[in-house]
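Below, each structure is written out as structure tokens.
Each of the next two complexes has chain A plus one other chain: chain B in the first, chain C in the second.
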Partner chain A sequence: MSGDASVLRASGSGEQAGRGVWAGLALWLLAAMLLSGVAFFLSSYYNDVYRKLLLWVALALSYNFLFGISGQIAFSHFAFYGIGAYSVVILLFQANLPLPLAIVLGVLLCVVLALVVAIPSTRLEGFYLGLATLAFAQLFLVVLNEGGSVTGGAGGLANYRLPPVFGMHLTGPWYTVVIVVVTLATFAILLRLDRSWFGRACRAIQDNEVAAAAMGVNVARTKIIVFTVTSALAGIAGMVYAFVDNTVNPPIFGLENAFLILFMVIVGGSGRHAGAIIGAVLLYLLPFVLSPLIGHHHALVFGVVMLGVILFQPKGLIGIYDSLRGRRRAAAGKAPG
Partner chain B sequence: MQDFLELIVGASATGCIYGLVALSFLLMTRPTGVINFAVGEWAMVGAFAGFLFLSEWEWPYPLGVAAIVLVLLATGWATERIAVRPLVERGAPELAPILALLGMLVIFRESISLWFGPDPHPVPYPFEFARVEIGPLFGASLAGSNQSFVIIASTLVIFFLAWWFFERTLWGKCFEAVAINRRGAALMGINLSRVTSLSFAAGAVVAGLGGLLVAPNISAHYLMGIPLAIQGFTALVVGGPGRVEGALLGGLLLAFAEQLTVRYAPVPPGYAFGVPLILLIVFLLVRPTGLLKAREARV
Partner chain C sequence: MSAVAGSTPATAPALLEVRGLSKRFGGLVAVSDLDFEVLPGEILGLIGPNGAGKTTTFSMIAGSLGASSGAIRLAGEPILGLPPHQIAARGIMRTFQHNMPFPSMSVAENVLVGMHCGFRGGLWRVMLGGRAAQSAEAAGRSRAGELVDFVGLREFRHAGVASLSFGQGRLLETARALAGEPKLMLFDEPAAGLTLAECARLADIIRGIAARGISVLLIEHDMHFLLRLVQRVVVLNFGRKIADGLPHEIQDNAAVREAYLGAPGALAAGT
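Up next, the complex of A and B:
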């Protein structure tokens, strides 16, 4: 993750000077090469672990924008990941569409569904949004299970392969490169949004909706856009995921993952990009470390860690890092990333 | 007709369980504003306590129930102490206790699965299984297992007690006062933290009894919590989050909608799982106050 950290600092200064843009771009490229390079040294098992880690990071980053930065507590994020995965598979192999069209239509589907959820949901406050989106996520699972031959029912869909892209078969580490690019692109988009007028509007809404509205922020529209953009990003991550295991089925998109993303963001430090990355890496890798010790009960540790963080370290692990560095900028609401 | 009357009994019993979970939500949400999603896990704790006291140790049923109520009181009280009070005292954001309780939810569920393992555990019926028929009514009779009638009767008793508490006791009035205006209630000398403690302890008892009542039919299982929590919350939203009667009404409506869909609607039975979810979404969006409106302060 050292690549990410340097990117953070570089693109931060990149906004100040014109030539910094190129320096920033070069650093993104360097990060992409470093993170991709890793894949070529990993066995196929660790490549698989690495790919999923990257996808969790992408999910945590976009969820952090939705929950941590804009303050919308939604449990539909992982469902959109699933919608992305299922839609690209169904469009490719049941509707027999070409890959680019399938991707575009899949993103479009995520956007439309996100709008359907987000527009009426602007009426809901606080945790009620969480419950409505929880119901949406459950409904998605019901549809997956009952979708017959379209969704493959409880068994899901399997036995498909990524069609050639520009005549190339992306397999092994090369497919990991695709995931690196998607994850970094997600990060770049979110950073760009966060550092714009829009990002500050989001943070203002989280702090105080009434005050934000009084300052001229269109609260409802901003909320809808955030929900739609982050859900679409989750959908894109899901599309990439569809070809990691080459199978999609309802248990993969179970509800506990919606909670897991929330835990990742809170444990890492909600509202902070670096926090989301730390949380995702930590909670994704924790079971690998813990399972030799306590078997399948790592979820208990998640619960304890989550509770402990909320009680004792509300700023998350990144908050510990901050106080060690003696710079508590997060409290001032200034986004250091 | 016979078929329909049996469905009525079954749906009423299910609806009562949803109503109990909804009541548990309401007991905490009304005075504190905290939506405690761990109520489903409390129901699970009630069910597993039932397994432990009644199946494993074979205590006599009334004594076992008394012990289970004590366990639940302690569970609810401890939950509030650990996950809610420190945050309220610190003045943390409103969402913080709700998220901390989600952490508790995971801790409850995983502890139970660690302790009892992933297999379902049997919980005995309070009475020997029997079929009860009331009737004849329109040439058929209201019939179902006696457990259905036990559930309905127990639920009515619990709801009556809750109603009596809110309408007839000073403590109940305190709860109402805190619900209507927290600050005002505190200024009137009502001890807010005691009301919060009590609401969590009572919530745990109500949810846990719901779990104990439904457990003989579905067995105690460590994953039983979340579906119950979702259905109970839906019942609360449908009935109206401000009134005790609303919880029962919402539970019954929800169960009838579910069972009638399974029985008569021309859709695959799996889609019946979607009924409460659609109801929840529709009610949240169209009528967030539910069917029964909360009582306003009377001037």
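Up next, the complex of A and C:
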């Protein structure tokens, strides 16, 4: 017996964690200041682009946790974004509720709907979960179109403005600051979940459900929690979106967006936070860069990029970075990490 | 039932009790009225020819298969019919005959998954990034490192599981199960596919586990490995227990020789 047997008992050594909390907080604050600062140097057009970019990043990050980390092939993510947007507008301007209450009820609605979808869906896997969530997304669009005066039907709801928050009118770059905070908070929550026992349980389930259960992971419960948390995060992003264009209507929440998020995560690198960010930035900005050059043919470039990544870099663009880093480490004579 | 007399000290309370356990698949009786117990800190071997019901019994204890009748108790608590994750939470951790690592994770992270039930503190705490959650995580990581070292995979701590050989994968399975701080460890044919040196290493580790008071139940084909490792053997044939005793008693048991080995003298090769 080589190892001394004391390792079979639990030992505790986490004193350094306290310092990590403060260093981490400082880093998040710095990121918030930098990303917010950018907004004050942008014209109102580019502020609009920047805001939507940030929201796509938030969506891609939460979808990455659902699809890339937990392995749930769901197409309902963008529908929850729409549910968040519509619910906050309806609660504020149709039900005339105060803003904090509208936000809380909107999140609650997302949580309840997510549970309604997730609890029966835990019996489904892969393709069938995809179908069930696709049906849900389709149903959402039907409700929007047929919702009469509540949802505004095909024309949606418009001509509303964000009520003052603590007496302040958040407009222009200041509203972009709100979006930066929501996006970073989404990232922080997902990162903490990922780096905990919960994130490992999610990855374990994706890898091998039988082995995960044998390790004590409640597979069904974990799947339901992941679906609910990520859907609620999408809903919160949607609530913030409602005051970006100050209009919500069915075409904005079209089904094609569900696939765009999926592509963002796959192109960037499924299961990786950095990958989701890269994928969202790249695929969102691609049309802006290409449209002036080649017009509508940018869709073709999009298709070619997708195919190229899937065929030659299935781990996504972050996979290229990984292999470059691996090669540099190998060259430096260290063991590959 | 031809249990060898005096093999089970009646005084020690059993950790795991299997009572009248039966499993029928349609007309086929896989396990029939099985009784045995695992004592605290004991290494018990469950053997029998192919189709004797070993794997069925194992699956019923691990929660992956229901029983037709009978009872299984862990420290007096009934556990039969609980799903696998609750069996694990109650202190029974297992390894798989065909290694089932989590391929997207490093060796140390695989072991951390084994600690799943040990992490307390809800999701809100995790999401808010409290100090308690972070220190629990740090403590878990250092303990996972110790367990990886314990099974002799120190240089693979941060390596992906793809870099492990089959035998090293079996050691990882052991460390991962051990991480759950089990009362009872179940090994499903642990020697299958291992080299002689790897078998010896694994036997040392299993003895070390039992020495810490953790009971071990293993089902195994490899007599050479099993009889030198276990303190007691339960022999199954056609779903029934035909013997229960010390390894040397089992080797001398005529019924076992006939049923399990067919030809007399074959067990001698294992000694």
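Simple rule for what comes next: the second predicted complex is superposed on the first by the 308 of 337 C-alpha atoms of A that agree within 3 Å, B and C clash if a C-alpha of one lies under 4 Å from a C-alpha of the other, contacts with A are read in each partner's own complex, and residues count from 1 in each chain.
As a working rule, contacts are C-beta pairs under 8 Å (C-beta built on N, C-alpha and C of every residue); 3 or more make two chains touch, one makes a residue touch a chain.
This structure is a prediction, so every number in the text was calculated from the model and none was measured.
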Touching A:Ile310 in the superposition: chain B (first), chain C (second), both, neither? first
So, does A:Val104 touch the first partner chain B, the second partner chain C, both, or neither? neither
Can you tell me whether chain B or chain C touches more residues on chain A? C
In the superposed arrangement, does A:Ala158 touch chain B (first), chain C (second), both or neither? neither
With the two complexes superposed on chain A, say which partner A:Val289 touches: chain B (first), chain C (second), both, or neither. neither
In the overlay, answer first, second, both or neither for which of chain B and chain C A:Gln138 touches. first
Could you tell me if A:Arg203 is touching chain B, chain C, both of them or neither one (first, second, both, neither)? second
Output check: A:Ile225 vs chain B and chain C. Expected answer is one of first, second, both, neither. What do you get? second
List of chain B residues in touch with chain A within their complex: 35, 82-83, 86-87, 92, 94-96, 98-100, 102-107, 109-111, 113-114, 226, 230, 233-234, 237, 268, 270-271, 273-274, 276-278, 280-281, 284-285, 288
Would you mind writing out the residues of chain A in touch with chain B in their complex? 73, 120-121, 123-124, 126-128, 131-132, 134-136, 138-139, 142-143, 145-146, 255, 259, 262-263, 266, 297, 299-300, 302-304, 306-307, 310-311, 314
Contacting residues of chain C [partner chain A, same complex]: 62, 64, 83-85, 88-89, 93-94, 96, 100-105, 109, 112-119, 123, 126-131, 133-140, 142-143, 146-147, 149-152, 158-159, 176, 178, 180-181, 204-205, 207-209, 211-212, 214
Residue positions on chain A within touch of chain C in the complex are 1-3, 5, 7-18, 20-21, 24, 188-189, 192-193, 195-198, 200-201, 203-204, 206-208, 210-219, 225, 229, 271, 335, 337
